[in-house]
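Chain naming follows the written order as A, B, C and D, and within any one chain the residues start at number 1.
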Amino acid sequence: MSVLIDRNTRLIVQGITGQQGLFHTRQMIAYGTNVVGGVTPGKGGQWVEGKPVFDMVRTARETTGANATVIYVPAAGAADAILEAIDAGIELIVAITEGLPIADMMRVRRVLDQSNSRLVGPNCPGLLTPGQAKVGIMPGHIAMPGSVGVVSRSGTLTYEAIYALTQRGIGQSSCVGIGGDPINGTSFIDVLGLFEDDPETEKIVLIGEIGGTDEQKAAAFIAQRMTKPVVAFIAGRKAPEGRTMGHAGAIVESGVGTAAEKIARFQEVGVRVAETPDQIADLIAR
Amino acid sequence: MSVLIDRNTRLIVQGITGQQGLFHTRQMIAYGTNVVGGVTPGKGGQWVEGKPVFDMVRTARETTGANATVIYVPAAGAADAILEAIDAGIELIVAITEGLPIADMMRVRRVLDQSNSRLVGPNCPGLLTPGQAKVGIMPGHIAMPGSVGVVSRSGTLTYEAIYALTQRGIGQSSCVGIGGDPINGTSFIDVLGLFEDDPETEKIVLIGEIGGTDEQKAAAFIAQRMTKPVVAFIAGRKAPEGRTMGHAGAIVESGVGTAAEKIARFQEVGVRVAETPDQIADLIAR
Amino acid sequence: MNLHEYQSKFRFEEFGIPVPHGKVAETPEQARLIAAEIGGPVVVKAQVLTGGRGKAGGVKLARSPEEAEQHARAILGMAIRGKIVRKVLVDPAARIKQEIYLGITNDRAARKPVLICSAEGGMDIEEVNRTKPGAIIREHIDPLLGLRGYQINALALGIELPYALWRPFGKIATGLYKCYVDSDATLCEINPLIITENDELMAVDGKMSIDDNALFRHPDLAALRDTSAEPPEEIQAREAGLSYVKLDGQIGCMVNGAGLAMATMDMTSLYGEADGIGPANFLDIGGGADAETVAAALRIILADPNVKVILLNIFGGITRADEVARGVIAAFTEHPTDIPKVIRLVGTNEDQGRALLQAAALPNMSTAMTLADAARMAVAAVKGA
Amino acid sequence: MNLHEYQSKFRFEEFGIPVPHGKVAETPEQARLIAAEIGGPVVVKAQVLTGGRGKAGGVKLARSPEEAEQHARAILGMAIRGKIVRKVLVDPAARIKQEIYLGITNDRAARKPVLICSAEGGMDIEEVNRTKPGAIIREHIDPLLGLRGYQINALALGIELPYALWRPFGKIATGLYKCYVDSDATLCEINPLIITENDELMAVDGKMSIDDNALFRHPDLAALRDTSAEPPEEIQAREAGLSYVKLDGQIGCMVNGAGLAMATMDMTSLYGEADGIGPANFLDIGGGADAETVAAALRIILADPNVKVILLNIFGGITRADEVARGVIAAFTEHPTDIPKVIRLVGTNEDQGRALLQAAALPNMSTAMTLADAARMAVAAVKGA
């Protein structure tokens, strides 16, 4: 068991012929991920790493029966790539691309909410179910199969946590990077719910950051719904006061989002909060 | 019993202080409709015919508990009025206004499809449940309570049919004018389904026109779902060939929509089709 | 409202669509000067709001300014499907490698705009639809989301467009959709969109229809209306806010509501057919017509010399019967006539309406209670006239 | 990216929002000439990308051109919150009856733009939010549907705007939203939007922030960037595509990923705090950084005289460890230095990366396997330096 992806996931790669897309397609295949094809408009009919390339997600899905896609296209075209995947009815969309304009993501999110697709990201490292499949850019060799679910807003910090767990011999059920953008497809709550329902996941690591209110919502959700223990880490305790977007922004955000506030909320609901990334593994091991 | 409206309907009037809005508010109240208030931006706080006027649908609904609205605002503002009613969560929206730009209605329809509201119209005469309530502009005194459901794309032609039924002593359960615009909120099929499920409706009159494919879809629906007898009338048998919108339009419409075609489809599924409006009542009486 | 080819193409150009840089001539001499300015072969094209222009000889290639003048002389004043040609467009002739069709219209069943594309451009797209439906590619557009890049790719793939042309094709499709939205169009059509011998795309012919209901927010487009080939009664009717179609019969019909007007037409045809009697027109005075509108409608009907009898069929809903009665009285007071009038007035305020008509005591007026009666009386009155 | 007041207001005007017709001066003399041209009282306003301008004396009323010149002389060159004033805006002084606040920003929790309005304009809206939250009206906008008329009515009602001003207010709100969308803004703010003594609305102060991620499609807005008051290392960092914030400590940090960079900052603070040691900067080299980007990052760190130790913390995901190693080697080959370097390199291609670093044998380099070790080693190196 695992969440979101496993060895039965049939993955296509949007942007498969680009530099990043190609590099990570090789890495994903090498890890054992069932990559069934790729999409690059205008390059349909080519073959990459033994996989067929299509011009459109629609045809790729029809031909390969893909149920997941990973997006490596540049920021300017990423929103369109996500919308194309939604339109083609792909169930799981993982967008690695960073730097999407926020206006694009507001529109994408609006469409997503009325669809049957799940988006993970953008600006995320993707998903890893150790020993089964990886979708995205996580370095697979730092993970090992086990029963800890990892969910994170940060990319590289996720690897820290996985690495530390693995070094202590603690395996992971699935690792989910939800991305750090202000508007994304999948929230902490969504993934916590999946882990709660996944019989193979016993404990959960949640890695948050300053800014926004996703961690606070996660704390409320944990109090209400979660039976499995959660260990959290929040990056940015020592961050200098950020440059605000302006006054209206400050009102909307209502001054929330400091590390101290998020840590306090987690502690209030019984979540143990690590002081350093290394401690995450210590707290899980206890 | 009845469909869509009855004596418990709590109606507000959007555009209540306009000439048409005011005239028909009086008519609706005189008929016994439970008008609970009206909306005209900038005129909140006034009273019209003993009913409070609000600046916004949102506040009107909160204050009066309205569950239906009828819209008399001019075409330029009608789409906004419908969207406002959807946004305020009004269950039943009846838009009398004619001449809405088709682009506005495409957007409205898109929003409507994701809402919990039903729109009847635009460019329709509204609804009449004889002896209980009228919403819109139908002349109430031509109708009488009974068991024939009337649904029509045409305004005044609906009155013809009701008038003829009443003159023969045949009463109506509810009369629904769905409007003749190319894109509207409620179709023949929607209303046929409501009549089929309404225990008080025993027979149904359907009045169609040339153009579009709504009647053909209704015929298919009748064949599949309806147990109650339906009598139809189609206006425009002798219409000269319409001026087409252009070639692409002709492809989309695929040459469908002649009176002959619609009549044939109805007859194929056992619907009796009247040759003249007067015959409608004859066929119902049989 | 339909735009001329030249109006459509000039507007397309505002949205970044490449078009030939031609000009409009109203005289043969102007055509010669434009051809000389362009240099090289030109096409002289009748500007007329109807189809079948090519078959009627309204489109001619000219190799010299003199030839352009000759063609313009032949084409100007020509009648194509009853419409007189008053302008020609003189375009530089394009060297065509392939002809594509690209159009946007509303799909009322899908309730969305639809982009239609075909590699079989240049010919009648309805014909293509009949004979090779597979050659037509459709992409429905979410009106809230607009045309997306991947949809353009789908069209380009569908017509097997060379990849090198995807980018310019995408700009044209995007421009056409923006033109469609910004113009409140019901049709924007490029036929043909050509691939030139230099592998460039160009909109060689264009057509636009604008939603009449949206013209209020497009005064610039409303000003483009060409009424020179329209019957004057139709212009009058539109200006008075009436929906009017001229027919061949003798019974001048004035009805409120399109459905009732059609039924009235159907009924007079039904009862009169055997005697060659029928409606002289379709005339819908609309939902909220007041006395002035009704008077305008009567003036238009009375201007038709074929009309032997007038049939007024009003079922009062939003139009109150007393208002209609006042309009009828005002119109007949303005244009007194002995022509037989059959009036049927029911619905809201019908009693007041009938009382007003009775009091006015118009000559040769009879009243009916049902549409069937009214139609029969009108047919009988034509026979008796 | 933030725009100056004058840039924001000039852009607002393009979207039909009435603004005072002022001009920008870079010298006191220019200010005098502009004031003379305007005639009557003017306001001289420091153009600087920070708040607190009024309290710092950066906004002054002048009754004559001479007074305007004097004020400009005082304001130009002034430092406001560390930013030097290089331009003033000279605006005609408005006669104010009421001050309103009107702004649009993104509500990330709601995932929608939100229009914010308050009758308590002219003052700090955050202050209003704290003290009188009820005085703030919010309307969320569906990004696919845009701002609707009834939402504007809701704002006008909420601030009890006189009905006569609803129409012009609606035009301003619509224009502001269009400006927001067309500019890919994250903030468009009018504060105050005034009602003049003649009962007209006017945007007297304005502020815009543009989404940096969307600047690629707005070259006109990108060109408005004013870097005159920015630290040069931040300009360099931005041009190299790096996210960089200068801090007070001694450990120059180069990290991939914002979260890891923050954690690295947190850890060096944690271990160094007791000895007054901490990070010299926040520096995220981003997801796909190549050798060139890494070299640029190192140059920026080395330019900071406070830096005693460099801490590289790279966890290879999309950035491959061998690429990073090449970048590090290239940068230190370009700028050879004896400064202690603590390097932690794990993740994708980590073995190749470490092999390259070993082969390069950089002076004074040590490597760590965990972040904790790396932070401790960096702190120790500062103490030993």
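Throughout what follows, contacts are C-beta pairs under 8 Å (C-beta built on N, C-alpha and C of every residue); 3 or more make two chains touch, one makes a residue touch a chain.
Quick caveat: nothing in here was measured; it's all calculated off a predicted structure.
Colleague: Between chain pairs B-C and B-D, which one is joined by a greater number of C-beta pairs in contact?
Modeller: B-C
Colleague: Using mean CA coordinates as chain centres, what's the gap between chain B and chain D in Å?
Modeller: So the centroids are 54 Å from each other.
Colleague: Express in whole angstrom the distance between the two chain centres, defined as the mean CA positions of chain B and chain C.
Modeller: A distance of 27 Å separates the two centres.
Colleague: With centres defined as the mean C-alpha position, give me the chain A-chain B separation in Å.
Modeller: 49
Colleague: Which parts of chain B, given as residue numbers and ranges, touch two or more other chains?
Modeller: If we look for residues of chain B contacting two or more partner chains, we find 107, 111.
Colleague: What are the residue numbers in chain C that touch two or more other chains?
Modeller: Touching at least two other chains: 144-145.
Colleague: Could you tell me which shape the graph of touching chains takes: line, ring, star, complete or other?
Modeller: Topology of touching chains reads as other, fitting no named class.
Colleague: When you check every pair of chains, which ones turn out to touch?
Modeller: Pairs flagged as touching, ordered by label: A-C, A-D, B-C, B-D, C-D.
Colleague: Enumerate the contact residues on chain C facing chain B in the complex.
Modeller: Interface residues on chain C, with respect to chain B: 2, 51, 103-109, 111-114, 116, 124-126, 129, 136, 142-144, 181, 184, 186-187, 189, 191, 207, 209, 211, 213-214, 216-217, 245, 247, 255-260, 262-263, 265-267, 269-270, 278-279, 282, 286-288, 314-318, 320, 346-348, 350, 370-372.
Colleague: Which residues of chain D touch chain B in the complex?
Modeller: Listed in rising order, the residues are 145, 148-150, 153-154, 157, 163, 166.
Colleague: For the complex, which residues does chain B have touching chain C?
Modeller: 20, 23-24, 27, 75-76, 96, 98-107, 109-111, 123, 125, 137-139, 142, 152-160, 163-164, 180, 182-183, 207, 209-210, 212-213, 233, 235-240, 245-254, 275-278
Colleague: Under the touch definition given earlier, write down the residues of chain B that touch chain D in their complex.
Modeller: Contacts found on chain B: 41-42, 44, 55-58, 77, 80-81, 83-84, 87, 107, 111.
Colleague: Mind pulling up the chain D residues that touch chain C in the complex?
Modeller: Residues of chain D touching chain C: 144-145.
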